[in-house]
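Could you have a look at this structure, given as structure tokens, before my questions?
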Amino acid sequence: MALNIDVIKAGLETSVQDFPGRYGFWEQGFPPSGPFDMWSFRLANILVGNAPEAAGLECQFMGPTLKFSDDCVIAFTGAEMNATLDGETFPMWESVAVAAGQTLACGFASVGARAYLAVSGGIEVPQVLGARATFHMAGVGGLEGHALKDGQSIAVNGGAGVPGRKVKQDCRPKIANGKQWQIEVVQGPNDDWIAEEGIERFLESEWKLQARSNRTGYRLEGPEWIFADKASNKGPEHGEHPSNILDHGYPVGSINLCGQTPIILVNDAPSAGGFINPFTVPSAAFWKLAQSKPNDIYRFNRVSVEEAQEMRRGIDGLCVEDSIE
Amino acid sequence: MKFDQPKYLPGGDHFILVQFGDDASIDLNFMALGLTAALKEDATKGVVDTNPSYNSLIVEYESDDISYADLKIELARLISGLGSVEDLELESRLAYLPAMYLDPWTRDCVADYSEKIAPRDYDPDFVAEVNGFEDAKQLARIHSGTEHWVVAVCSTPGLPLMRALDPRCAITSPKYNPPRTWTTLGAIGVGGLSSSIYTTPGPGGYNLIGRTPVPLWDPQQRLPVFKDRVVLLDAADRVKFVPIGEEEFEYIEARVADGSYEFNITAYQRFSVGAYKKWVASLNQDGRF
Amino acid sequence: MIYDEPKFLPGGDRFIEMELGDELNFDLNFLVHSLSAKIREAEIAGLIELLPNMASIVISYDPDLISFADLKSEILSHYRNMGSLEDMELLSPIYYIPVLYCDHVTRACWEDYCAKITEKEYDSDILVQLNDLDGYAQLARIHSGTEYWVAALGFYPGLASLIALDPRCRLTAPKYNPPRTWTAKGTIGYGGSVTCVYPANTPGGYQMIGHTPVPVCDIEQSLPAFKQDLALLRPGDRVRFFPVGREEYDYIESRVTAGDYVHNVAHYAKFSIRAYHEWLGTLDMKERF
């Protein structure tokens, strides 16, 4: 059952991703890439009977229009993309049988920002550097190294899926349009470069997600940061600005302070550089970032390493068959 | 061929020649230099000096302090302590020497020979042709592309006898017949499988392909690098030629003349024969610079 | 300085930043890479990836398999068992990379920046002035006069940060403010006290002092040098730049385009810390190439 999906309209930056993304090449400069909202992505795969890691599509803000060449079972999770199948409303969080020749069309996301499409059998693109995840900056992985383009064709492995499966309500991420988010954050690694006053200010302030944000970095707008002494009393090799530090690796999720601009480093961000990271957004909060829209407001909620790990375990525990009814 | 057991041959009353084999395989030189280092460390009583070559080592000894027979035993002991050639690691500095390839001065030297002794093509063109290179420029690229192993410092003071370490850069060339009566000082020559640098303007038979503006020896010890030595290079050092143009040649020449030239030598490596063999085996022998 | 006790700083739920010191110091960087090698060998369950850089290592781990505390403790014990830095040696390949200094490619990039973003002084002029050099020739001579240690990979695939092993060749340069939106692939950059080769057409902030036609990153792994790895350079490798003229630059570019360019790498020398420290002690820091 060789299936092809024709890309009638590519949508805004739709790409092939797999979970957990690309590992083993970080020290050669390759970020993990992979799905931004790992919770929604895995559930989509489980709905159609795939392993949670199988390659699927990540749709951002405006989803694609796709035509299926053969029968299959698909599922759409994450943001509400107002999708239709041959004109009929297409349900989210549910596995649906698609017949050969049918077309799935998406509009703009009305709730949340990123949606995930899984197809029974999983998307078949070559593995590059160990993963199918797309890293567009280097043209690696996915469909020819980049986001989908109109007119392309995506191969899908044959796979049997069962339609009519639904994700239980309380097993889904609570994606809403409130525009206000509480984002968990772990203090460190370079929190000692910020004055006590600055730490408090960060945690007590509202931060606005700027429009110029994407999978490479989430730029935040907010008050000025206050630096500790050590940020100015340092060797010349660190650089002049208090936020400059001798080049070091960047944990994924770091809140990277470039001058006075904090940028959350997410899936496609550079692996290292010369700015400090006073706080880090943990894995469990990534779905919130993924489902935010420009101008959303963040308030950061400090948690410990152990608490953050517990939260992640909690989400992992929901990306299982038991979450399906 | 490498001998199963090294041969010991007397050279008069106070020299012994240790032969590791009878061809120019570089392993034999590695063994000779390994023995040189071992003798130095052992500080064997009675050993006065050593002088390596392609596949052998001459040891000069004081017969009042050690007999020929005892010295043979000592040498055999040290050689067996070296283990197999793959285990050898040798102290080896790397000297980056500026070289102007296809320079006007050696061109004049060759032209002079051609006029006065026997007609002859311009050496770099000749060598390029003999080796199947595209042209003299490729000869320069290939010659400067490899590190050259100093097999021995011999013939005239400071003169390094060198072998290309990168087998893809092996250059072969017949020598002048008859030899030249004089050679440009600092000329870089290739002959047989070796390269050398002329440290005196005397006779010579290697093909001249370039010239270096830096001195390889300095009996007056004028330049800083010669503070504790008279000769720049030792056997087991390596040379990498850095191609320069005429302007840079003149600049360096001026700094040599005023005593301020800084040699570019790194001395923080040990040459690993085992790693070298692995590397040679990994090369695509058809690749060319 | 190298910290007495390394710091283990949390990075969210699954990263640790291990800081071994806070300066750009070769010994410290060597320690970082030696420790990384040791940790890799240990194959700690739950440890996913290591990202060594100048003076720190970012470690990614699976908290389901190992806790922050346990991982810290294991790594610390490896750190304590490392033995003295002085005794360390590393087989370190050296890459010879040709550079056209003050070239046409980077000049065009700088002109574009001046036209579209903001006026700025020509990059090589900035370096000459800031470092008190005679001119472009001396800039080339000094930049190419040292081996560089690959201290880190990062920021962009294939981008290596290089630090000069010969302290007499350490220069300093400010960064572009604001940064460029593009840099020609193959540009030789200098920022702070680090030099690099841009592996692709990326944004950047280093001053541009030359250009190489030789690729340092090949994601398709089509050229022979990239068969094992898509990035040419790894931490612990060394690079030596050598100046070429326009003609040679064009020739090399044509070989790269034709797909038969042979990278020049010698992989048989062991870098010795003790020997490196001794060698540093022999240098006259007042002298310049």
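Note that the chains are named A, B and C in the order they appear, and that numbering of residues resets to 1 at the start of each chain.
To be clear about the criterion, a residue touches a chain if its C-beta (ideal position, glycine included) is under 8 Å from a C-beta of that chain, and two chains touch if they have at least 3 such contacts.
Please read all numbers here as calculations on a predicted model, not as lab measurements.
Participant: In graph terms, nodes being chains and edges touches, is this line, ring, star, complete or other?
Facilitator: Chain contacts: open path, no cycle.
Participant: Taking each chain's centre as the mean of its C-alpha atoms, which one ends up farthest from the centre of chain A?
Facilitator: Most remote chain from chain A, centroid-wise, comes out as B.
Participant: Mean of the CA atoms for each chain, then the mean for all of them together: which chain is nearest?
Facilitator: Chain nearest the centroid of all protein C-alpha atoms: C.
Participant: Taking the mean of the CA coordinates per chain, how far is chain A from chain B in Å?
Facilitator: Using C-alpha averages as centres, the distance is 61 Å.
Participant: From the C-alpha centre of chain A to that of chain C, how far is it in Å?
Facilitator: The computed centroid separation for chain A versus chain C comes out at 31 Å.
Participant: Give the list of chain A residues in touch with chain C in this complex.
Facilitator: Of all residues in chain A, those touching chain C are 23-30, 128-129, 137-140, 186-191, 234-235, 237-239, 246-254, 270-274, 277, 280-284, 305-306, 308-309, 311-313, 316.
Participant: Could you list, by residue number, the parts of chain C that touch chain B in their complex?
Facilitator: 89, 91-92, 96, 137, 141, 144-145, 147, 165-166, 168, 224, 240, 242-245, 248, 251, 260, 262, 264, 266-272, 275-276, 278-279, 282, 284, 287-289
Participant: Which of the residues in chain B end up touching chain C in this complex?
Facilitator: Those in contact with chain C are residues 89, 91-92, 94, 96, 137, 141, 145-147, 165-166, 168, 224, 240, 242-245, 247-248, 251, 260, 262, 264, 266-272, 275-276, 278-279, 282, 284, 287-289.
Participant: For the complex, which residues does chain C have touching chain A?
Facilitator: It comes out as residues 9-17, 19, 22-24, 48-58, 60, 63-64, 68, 152-159, 161, 175, 192-194, 200, 219, 229-231, 235.
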